[in-house]
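Beneath this line is the structure, given in structure tokens, with notes to follow.
Chain IDs A, B, C and D follow the sequence of writing; residue 1 opens each chain.
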Amino acid sequence: MRGELAPLTEAGARFVALAEEHAADFGTRAGQHDREGSFPSENIQALQKSGFMGAPVPVDLGGMGLETPHDLMVGMSRLARGCASTAIASNMHITGAQAITRLWRRAVATGEERAPVMEATLRAIGQGRLVMCFPTTEPGSDLATPMVEGTARDGGYALNGLKIFGTLSPVANLFLPTFRFLREDGLYGIANAVVLRGTPGMEVLDDWDSLGMRASGSNSVSFKDCYIPKASAFETGGTWGVFGAGAIEIALGPNMSLVSAFLGIAEAAHGIAIDSTVGRKKGPRGKRMAERIPIQQLVAEMEIDLATMRAVIERTGRLADEFSSKYGLGESPDDEAHAMMKEFQCMKYVVNRKAIDVVDLAMTVVGGSAYMAKSPLSRLYRDARAGPFMQPFAPYEALEYIGKVALGEDPVLDR
Amino acid sequence: MRGELAPLTEAGARFVALAEEHAADFGTRAGQHDREGSFPSENIQALQKSGFMGAPVPVDLGGMGLETPHDLMVGMSRLARGCASTAIASNMHITGAQAITRLWRRAVATGEERAPVMEATLRAIGQGRLVMCFPTTEPGSDLATPMVEGTARDGGYALNGLKIFGTLSPVANLFLPTFRFLREDGLYGIANAVVLRGTPGMEVLDDWDSLGMRASGSNSVSFKDCYIPKASAFETGGTWGVFGAGAIEIALGPNMSLVSAFLGIAEAAHGIAIDSTVGRKKGPRGKRMAERIPIQQLVAEMEIDLATMRAVIERTGRLADEFSSKYGLGESPDDEAHAMMKEFQCMKYVVNRKAIDVVDLAMTVVGGSAYMAKSPLSRLYRDARAGPFMQPFAPYEALEYIGKVALGEDPVLDR
Amino acid sequence: MRGELAPLTEAGARFVALAEEHAADFGTRAGQHDREGSFPSENIQALQKSGFMGAPVPVDLGGMGLETPHDLMVGMSRLARGCASTAIASNMHITGAQAITRLWRRAVATGEERAPVMEATLRAIGQGRLVMCFPTTEPGSDLATPMVEGTARDGGYALNGLKIFGTLSPVANLFLPTFRFLREDGLYGIANAVVLRGTPGMEVLDDWDSLGMRASGSNSVSFKDCYIPKASAFETGGTWGVFGAGAIEIALGPNMSLVSAFLGIAEAAHGIAIDSTVGRKKGPRGKRMAERIPIQQLVAEMEIDLATMRAVIERTGRLADEFSSKYGLGESPDDEAHAMMKEFQCMKYVVNRKAIDVVDLAMTVVGGSAYMAKSPLSRLYRDARAGPFMQPFAPYEALEYIGKVALGEDPVLDR
Amino acid sequence: MRGELAPLTEAGARFVALAEEHAADFGTRAGQHDREGSFPSENIQALQKSGFMGAPVPVDLGGMGLETPHDLMVGMSRLARGCASTAIASNMHITGAQAITRLWRRAVATGEERAPVMEATLRAIGQGRLVMCFPTTEPGSDLATPMVEGTARDGGYALNGLKIFGTLSPVANLFLPTFRFLREDGLYGIANAVVLRGTPGMEVLDDWDSLGMRASGSNSVSFKDCYIPKASAFETGGTWGVFGAGAIEIALGPNMSLVSAFLGIAEAAHGIAIDSTVGRKKGPRGKRMAERIPIQQLVAEMEIDLATMRAVIERTGRLADEFSSKYGLGESPDDEAHAMMKEFQCMKYVVNRKAIDVVDLAMTVVGGSAYMAKSPLSRLYRDARAGPFMQPFAPYEALEYIGKVALGEDPVLDR
């Protein structure tokens, strides 16, 4: 596709090529999973087998060595062309692997004692033996204020509370929910728990029944006195309620490429519209659709929107590459982290909205048949609307946040 | 609801009051019918029983005497608040009754021989014994160029071809498709056939499976050598391929109130958003949603959009009232008809788009729960998208048409 | 002009006819006054002579008896087609006359002692002997919080402070600034002063040099120990800092028709665009502009915007007619006043923005010549931008206000 | 400024640094030149002196060796922050120098006989002795269809016709208008004439009096039997009426960085808005502007628009760098040239519109004082509107063009 995003690294090129292969395959089943609301377990297995799920793992540890945000974003946009649900589901695991890789590098450099455990985890990911789910969202709270709480017990924690949007939960064998815990200073700290599937007290509800992204398996995950040992809790260093560099890095990790998946949705819709137009004659006089100036203009609006989406993704991806090569995980200063988050929010705002616009335009170009359940556009229309709901932030919150950062105000939302 | 549209006539007031009652009832089942894609036959029965379906029939003939477009638009917007599918389904029948009433008045005035048949039909409608379906849309053609053709045979016509979007077809007992027939002058004329359900050669397909408006029963209706006697064919006076006053009047009849149904969708979404906001506290700090300025601004955008929709509907309704009191059916001059059609198109363009916008805003206000299948907003989001597909015209065609009329160019689309 | 707004009363019809005559005349000089930034005194004289300036004065007292908001809005939109600066300048005086008429009616009904003074004032207005300027805006405050203060002195007040945007000030012989004064309850009240031109301590600065509306004479008016007797101060009943029914009524009076002037700007731009298109051939192949589909679509966008502007003005005008016939000046309950103000704000938001859009579209249709200083479009482009700055509120404040009213929150802006 | 565009080459870095210095200087006089409509000759002299005007000339020939489009775009956006008129004026000369450099390189490589003349020209440019004006626009024609005609006479051409928008004409000593001439094959070819100031028959009219960009000296240039020798005519290779690779390259040369000047306008407006907000208290309660959420949101909209503008400029600049390093001037195949032109048009469409939006937002943030003639925002508001008029294309033409290219249709506009 002329003008599409291109990877900047060799590992990225391999990753993107794999994404395109998988997309072609997944696209054949996307409609059915959407209708049934079923989870595409076979897609995840294929991604494990091809090495796609373990892409961020260093080559030495069995992965593809894909470590830069930009190329991860490109690949995820490609995968989403075939099945957006699979893309956002696999994205949680893959960006998790990316984060663990970054933590492992830091651990090795600083001689941290957990380095070997991390390395073993990465090898397992590289071998396709782990599927990770990161339940972080909760109803009515935000990334910096989890209400799921870990109460100290028996040298570990008892977890209680509810997570929603636990994407990939149907097949995950490892869950890493965030939770808050009381620190010695009397404030709450935030940590990630590592919980094996089947651990007593953790239940994956089967409650994902949504407008779109129906095959993403974003079930709720409930915790009732779910015990984890101390060693299974990884403190993020962040303080509950504080949206600082720590929380921002956690947010940027999975969400950069989550946003780029929406480019894939738009590209898929655009492709359908073009295909439906070129060569089609319509109306009793049989004028070619592609010859009609109003159709050309609608196509142009899609082109402009796609060019815009690609541009902001590429630019933000390059900035993220710089950012992540400059600061190790947990090492960025607050103001730099907010500056990066602000760029991310600008990208998210533009991409999420324009994805909706492009699908809408594509439906208009195609005409009434796009409104039928069997048209892939009717699925993309529903999938695309998921974007603005995604963490962090809602569009109106994004505006408040971006403005606060730009004006040098305390970037805590008034909520 | 403060600021809502108000009827201008007494008959309108009764019609609107009925609409509100029905809406309250239908709203309780709208979600289920949407999920199942089932047709709400019980709703149509209730509308027959209350007299709503026969509202345009003169009081003397057993109806409510609702004859002006404005109030019909207001009523339909109210009904759509409860169930948009039922509103657009019943609308086809009701506006059909309105057209027959107008034809009957003209027939009586001119001493036309069909007046008694029309009167009998109106009485039957008034008694709730008829349910009419008007299949006019076809794939790839337009209102002025039907491809369903009636070939002369045995003093009548054999109909062949396919109609789509035959709203209300599951329960209709009378079908009035448009068709073309060869006139003596060698051109095609256009007529409405009157076909009883069960007539050999006419088949109502069970193929309505759509993104939204899933309970409207808009099945395809196929005609294969379906014979109708001459007396069952009513010529519209229009010539095939000519979008003149005749075709315009036929288009305006059902579509004025079809468009206003989308105001009802927006009002319903707005109501849900307001209800979700007032009294709700969100976030770990428990700030009231209604207190948050960004939420207030989103609500304001909805208010402005609703005020705009209402204003253009009210203004166009008043213009239509004038138009229909000035010109009997089939009597408007071409330039006046185009001027009225242009106003209608402006209204349709604004209302169809703003309905989508308001639902989108409402979803943003409500947050992630609006994305769940069980949220009525996720249904309204899909229902609202139907508007721009509706006849005549698609948004890009509307722009071409409006511009041509405004510039005094021949208002035939380049298609 | 097909589709244009029409007056609802006979007095309105005469007013609108006059407006059209004046507009044709003023349009011939609008460009020159704009270039020079000169005040069109001759226009105001013509408006005095024709009775336009005294239109709201009852017929018995020498006026035209134009008392309803709707028709005043229609007339002002017509006048603005010729010269928007003259329209907004005369509007301040005319709506002032309307308010005095309403106060006089109340005074007569309640036997208030000032009724004869008011009557004499109205007769003077009817005879075209008075030109009134109402300086209410100040830098950094709002209508409910004037900082110009009247300090009690010698049984009257000494006024101090600065007013800006004193439209019509170059020729006004009577100034009615708002000011605050200390009440016995220790709070500030608000009053209008009546100050004759030439009163010591009041100075009309010659500082109006603006982007657009350059001929409106909206100079600053400064008050330095300007003494007025008690009889020249009219308390509004409002409390400083409280945006309640009193402040709202004062705001609605002049601003309803101020907003409608922007419809006139849009209509003028639209007319120029149409004229430039019909009959013009462009390009080396000489294709008629009106034949080009993209031009038709741009024209259609203007048509849709105009239809929208007219609809919201008509609807809000009708609501205002109801409101002002239901409640005498100073008699509306707070919640009703806010409901009316909310509708006004929706109208203002839409009309102000769409006026800018229509002029922008017209420039695009006309092409590069529209960018030349001698093109009236380049003036309309600058005039149109004045709208969103006008009281009350700025667009972002309007959103906050509308949302607060809609949600039942205290409608005081967070500023 | 955080997030601003950065040059990719060393020459670019020097160029951008110079641009910033000049902008700081020019900004002090921009208001005055705008008011007077005077040409900033002193700015052009300063740009000559610093080497800015000769930047694209190879270092060996006395220039800065700035040869890539991306960095030229960045520099021009910086210069426009201070004075957009000077930026677009100098841009014509500088991109002309860039084109001559490319032609010279090709001439050297192919042993063309004109190489020494070109080299001399480049040295003169490098020394700041030449100021070039490229009049290409005409009323009612387009870049591929100039109507200025060169009739064969005395072994050269007699030029006749009118050019408009001859930016930089007040001080140019060399004019290079496009013209058409009859080829031996009976078709018209297109060429650039080289005409010294003072040549009989060429007159620079003093008629630039515009809404904005008032200091750009974009006068008309008239040709009446203006004789040039054959050696002063450079055929472009393009055929009149054919918008192919040749015409596209000519269009891309000056217009890439012309568009980026509008980013500078937006950045200047944004800066003014931020400065007016931070630290300012407004309203009787003295709340800080920067603390108000609606203000934060408006600022955020500017930030998002700027991020978008920068992203599309950066991306298109990188693509242009690739394109111009891949294909020498006059060597690109048609489909590649159209693909590049399509990307350019997407960029132009976005940047021209968003520049207007950002200035509009900045005015809203600043409030009423932004509407005063003395506010730089009122100048930027007028300057920004020039963008959509600029060659090629108008926005509605751009949509048609982009759509045609995307759909594989013949990319000739229906005009």
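Operating definition for what follows: a contact is a pair of C-beta atoms (placed from the backbone, for glycine too) under 8 Å apart; a residue touches a chain by one contact, two chains touch by 3 or more.
Just so it is clear, the structure is predicted and the values come from calculations on it, not from any experiment.
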Farthest chain relative to subunit A (centres taken as mean CA coordinates): C
Winner on C-beta contact pairs when A-C is weighed against A-D: A-D
Between subunit C and subunit A, distance of the C-alpha-averaged centres to the nearest whole Å: 52
CA centroid of subunit A to CA centroid of subunit D, Å: 40
Residues within subunit A bordering two or more other chains: 293-295, 297-298, 396, 399-400, 414
Residue ranges of subunit B in contact with subunit D within the complex: 293-294, 297
Subunit B residues within the subunit C interface of the complex: 2-3, 274, 277-278, 290-291, 293, 295-304, 307-308, 310-312, 314-316, 339, 342-343, 346-347, 349-350, 396, 398-404, 406-409, 414
Subunit B to subunit A touching residues, read off their complex: 137, 139-142, 145, 147, 164-165, 209-212, 241, 282-285, 287, 292-295, 297-298, 356, 360, 363-364, 367-375, 378, 381-382, 385-386, 388-389, 394-397, 399-400, 414-415
